[in-house]
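In what follows, structures are represented as structure tokens.
Note that chain A is present in both complexes that follow, paired respectively with chain B and with chain C.
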Partner chain A sequence: MPGSGSRSGVSYDARGLVEPHADMPDNIEVDGSRARFDATDLTIRQINMALRRLIYNDGITDVTVLNPSSKHSLAVGILKRCRIHFEGSPGWFACGLIDGPEVTINGRVGWSVAENMMSGVVMIERSAGSLTGAAIRGGDLIIKGDVGARTGIDQKGGTIIVTGDVGINTGFMMQRGRQIICVNAGMNLGDSMYDGAIYVGGKVRSLGVDCVPGDWTEADTELIERKFRIHGLGDPPEFQKFVCGKQLHNYDALEPSERKLVIH
Partner chain B sequence: MAGSASRGENPQETRTVAIDAEVLAGKRFPYQEDMSLVEDIDLLAATPGPDINWLEDITLLEEDGVPAVFDRYSNSFLKIYFPIPEGREDEIARKVLIRHLTDGNSYGITLKDIHCKFPQVELGPWVEDSRIVGTDWKQPVLEGWTAPAGH
Partner chain C sequence: MCGIAGVIHRDGTADVGAELTAMLQSMKHRGPDSTGYAVYGPADDLVVIRFVLAEPLKSTGFGMEERLERNRAEVESRLAKIGAEVATVTSDTGYAFRATIRYGGDLKALADYLEDVPGCEVLSLGSSLEIIKDLGDAETVSGQYDLGSFRGTHGIGHVRMATESEVDLASAHPYWAYPFADVAVVHNGQLTNYHQWRRRLEQHGHRFQSECDSEIIAVYLAEYMSRGLSLETAMKHSLDDLDGVFTYVCVTGNELGIAKDEMAAKPLVLFESDPLVAVATEEAAIRALVKREVETRDPYEREVLVWQV
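Now for the complex of A and B:
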């Protein structure tokens, strides 16, 4: 292992893999291109190691993880097309940094699910914590419940759909992408947003700085109807649209390198 | 200013502020000039889920006065030189980008084989059966360097 070993006795790895228990789990059931395993007695590292080995090395395209037991940072950094199903509730930072997987979670999730997702679909059957979809860059994140504060903070692309309520500071510093909130939004919606669109089906407690009502277009109707149809969410409610008022940030004054950062 | 170029100390050296996919690759690619090379790309098949997923955010932009699509995997613009039919701007931009990525021509993909520390598919999630890179990363060691005592 590169860089491993130290006087402290704690296993160290230059890549940051510090959890010492690194034995591959022996309870994986494989059936063709599908696999499943029970995560009850496994460490976070073991679960992620099993996912990586199955998906990258063994050609498995569909993995079911039973009993994730609110363990943190599961299924992070999977950069390949595949299906992952969690039967139970993962903890914080689930499915972060993914690029390609289609994930279903039959449970709740903690903070920062799908943080920095590049592409893929994450569908959560119950509620999610704060910072849901933080800095998401692409793909669809669907939460069939309520979510906490700062949903889609620093969002740079992608679509976040919440069938319930969202908390305070939703869409804070949002730069691109779309949020579809089917019920109510808390205080400071879209505060300091640069771009993107936030659709709200219920009441908004208050708008943040430079977040203003936007003009509804046929493209908005097409987007909402398409997303509800493909994700089986039923008939969409009536939405209000909110966008950036463009008074706080000035695109014309940005240097090219800054402009690129805003784009992605 | 985007695209402005100047001569450096070496008269043969041209410096530019803009980040251009052609500059990074050192060449222009045929699909930047010939629309027939991207027409048959299936965007739905190339993306996860039942729609175009992350490509929803990819639109036709402009760089140096030329139509271009932004490649987020190399933070560069890929210019498009053929005439784009009206009403198909974003679709064509997405197809050119997907062709660029699936062919492995994005500079970010080029760097993977050398620098990535963790196993991952070389060509990204758009290509089935792409080879795995990053399986044998070794910490670089400076020649003649020795670790300080205690490390």
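Now for the complex of A and C:
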């Protein structure tokens, strides 16, 4: 791989904040369709440059990034089926706007992981910060730990599974999709939600505006068992189901095409 | 957008100046305009005063050198007049000073008397607290004030991106809780009932160094602690009294506490081990201090936590 990959090869703007140019890292090990590199001494731009070049240009389908060191905005906007593994903890905004990748993170993540994810899987082995899965549109986001506030805010599709607790305003203005919270939920669960379903295995500190208990169906059981089986999460606990009370935002009078416009 | 950080060692002193510099520098993207520290060295019978005689950008120019020297002499003269025995007066920059004095009198009277000198602003007063703040990123400020060699038990820091006020020292954090010794605060957020609380505290005789809402928190906590409340209780009260979105870190001579508002709208990551507790706006700052994978968590809404040295 060309380029120095050293920090000395990186230039910044006058305030030292923006990295307009960067060299491709030179520490990438390639083995057939797999690649791995250590991100300890790489900048955000270099890490993302390496990911994109490997996945889009070099035909690599499985990339391991070692020591992401809580750097922000890693693996954002990857729109191709592939596997990405982070050995360590990325920072904020990891895996945002992805469409297709299967990402595993052996660490924790900061705020806004998988924001606007369209499809694929993001599996996090430890905890996550606030705004986890914000505006997610599709795919599965699994967090094997606790998460902060506003999980799945503005969620438009997909499934978020949290094996621990969630904080305040989880599912705020949720429009579609499912959230499966295995333990406790903070205040204002599902506040102002339009649609979708939230399943909680523990206690709910309080329900938000227009969030009400929902009727359990066979489809709910099938969904949860299937998701737990696919992602190797063991036996699911007992859940309560919460849905929109349709008193605040009620689109039942709209035609299907109009509903779609409103939701988008 | 700002970045805050705090560190407390529960098993003795450490290089807290260098540690906070590493943490704050890793969050430079959250604010490159000014950087501030409140660090605690070993307490002794001397009072440490950190004061400035001019804003950095106004400290040069025609006649400024003579004026700064004249005002410095006036500060020393006033210290003597009020009954303080001056041990040392040093300056790293020509406009920011560190003095150590023997003084058993009223700290408020001392601070007021010194601030009557033209351009003088007392940044901190106490037996172990030292507030250092200046323009630029953490490495720049640390280099200016030799913070790399500062050893202490705990401290907090702040990097500031000036969005609604000047790039100057008056707007830079941390804030000392005038006139209470050894209390300081850094804050990330906005307080929406700032003017209400400022009027209320001014009616109790407090004065404010800045127009910054963050200063309210420092004075509010110190006011309640002066009535006999613990830091933790005062912080819990603040969650009911202060409106807005905020996360703040407060330090006293032997404690470090964090508080999050009821919406948990502002970030904070916590790492806790037996000897060390570190908090920061972003995990990147924790990683700058503890260079390995560690278990961290985001405190939840209305969470108040306090640790002792």
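Just so we're on the same page, the second predicted complex is superposed on the first by the 234 of 264 C-alpha atoms of A that agree within 3 Å, B and C clash if a C-alpha of one lies under 4 Å from a C-alpha of the other, contacts with A are read in each partner's own complex, and residues count from 1 in each chain.
Here is the rule we go by: a residue touches a chain if its C-beta (ideal position, glycine included) is under 8 Å from a C-beta of that chain, and two chains touch if they have at least 3 such contacts.
Predicted model only: the values in this text are computed from it and were never measured.
With both structures placed on the common chain, the touch criterion links A:H72 to chain C but leaves chain B unconnected.
Using the contact criterion defined above for the overlaid structures, shared-chain residue A:E125 touches neither chain B nor chain C, since it reaches no partner. In the superposition on chain A, contact is made by A:R108 with chain C only, not with chain B. Ranking chain B and chain C by residues of chain A touched puts B first. When the two structures are aligned on the shared chain, A:G138 is found in touch with chain B, with no touch to chain C.
When the shared chain is aligned, no partner comes close enough to touch A:D58: not chain B, not chain C.
The contact surfaces that chain B and chain C form on chain A in the two complexes overlap at residues 15. The touching residues of chain C, counted against chain A in their complex, run 28-29, 32, 137, 262-265, 267, 269, 282-284, 286-287, 293, 295-298, 300-301.
Interface of chain A with chain B (complex): residues 2-3, 7, 14-15, 52, 56-57, 77, 79-81, 99-102, 118-121, 137-140, 157-159, 176-177, 226, 230, 256-257, 259-260, 263-264. Put simply, chain B touches chain A in their complex at residues 1-2, 17-19, 47-51, 53-57, 61, 70, 72, 75, 117-121, 124-126, 128, 132, 137-139, 150. By the touch criterion stated above, chain A contacts chain C in their complex at residues 15-17, 69-72, 88-89, 91-92, 107-108, 110-111, 126-127, 129-130, 146, 148-150, 167-169, 186-187.
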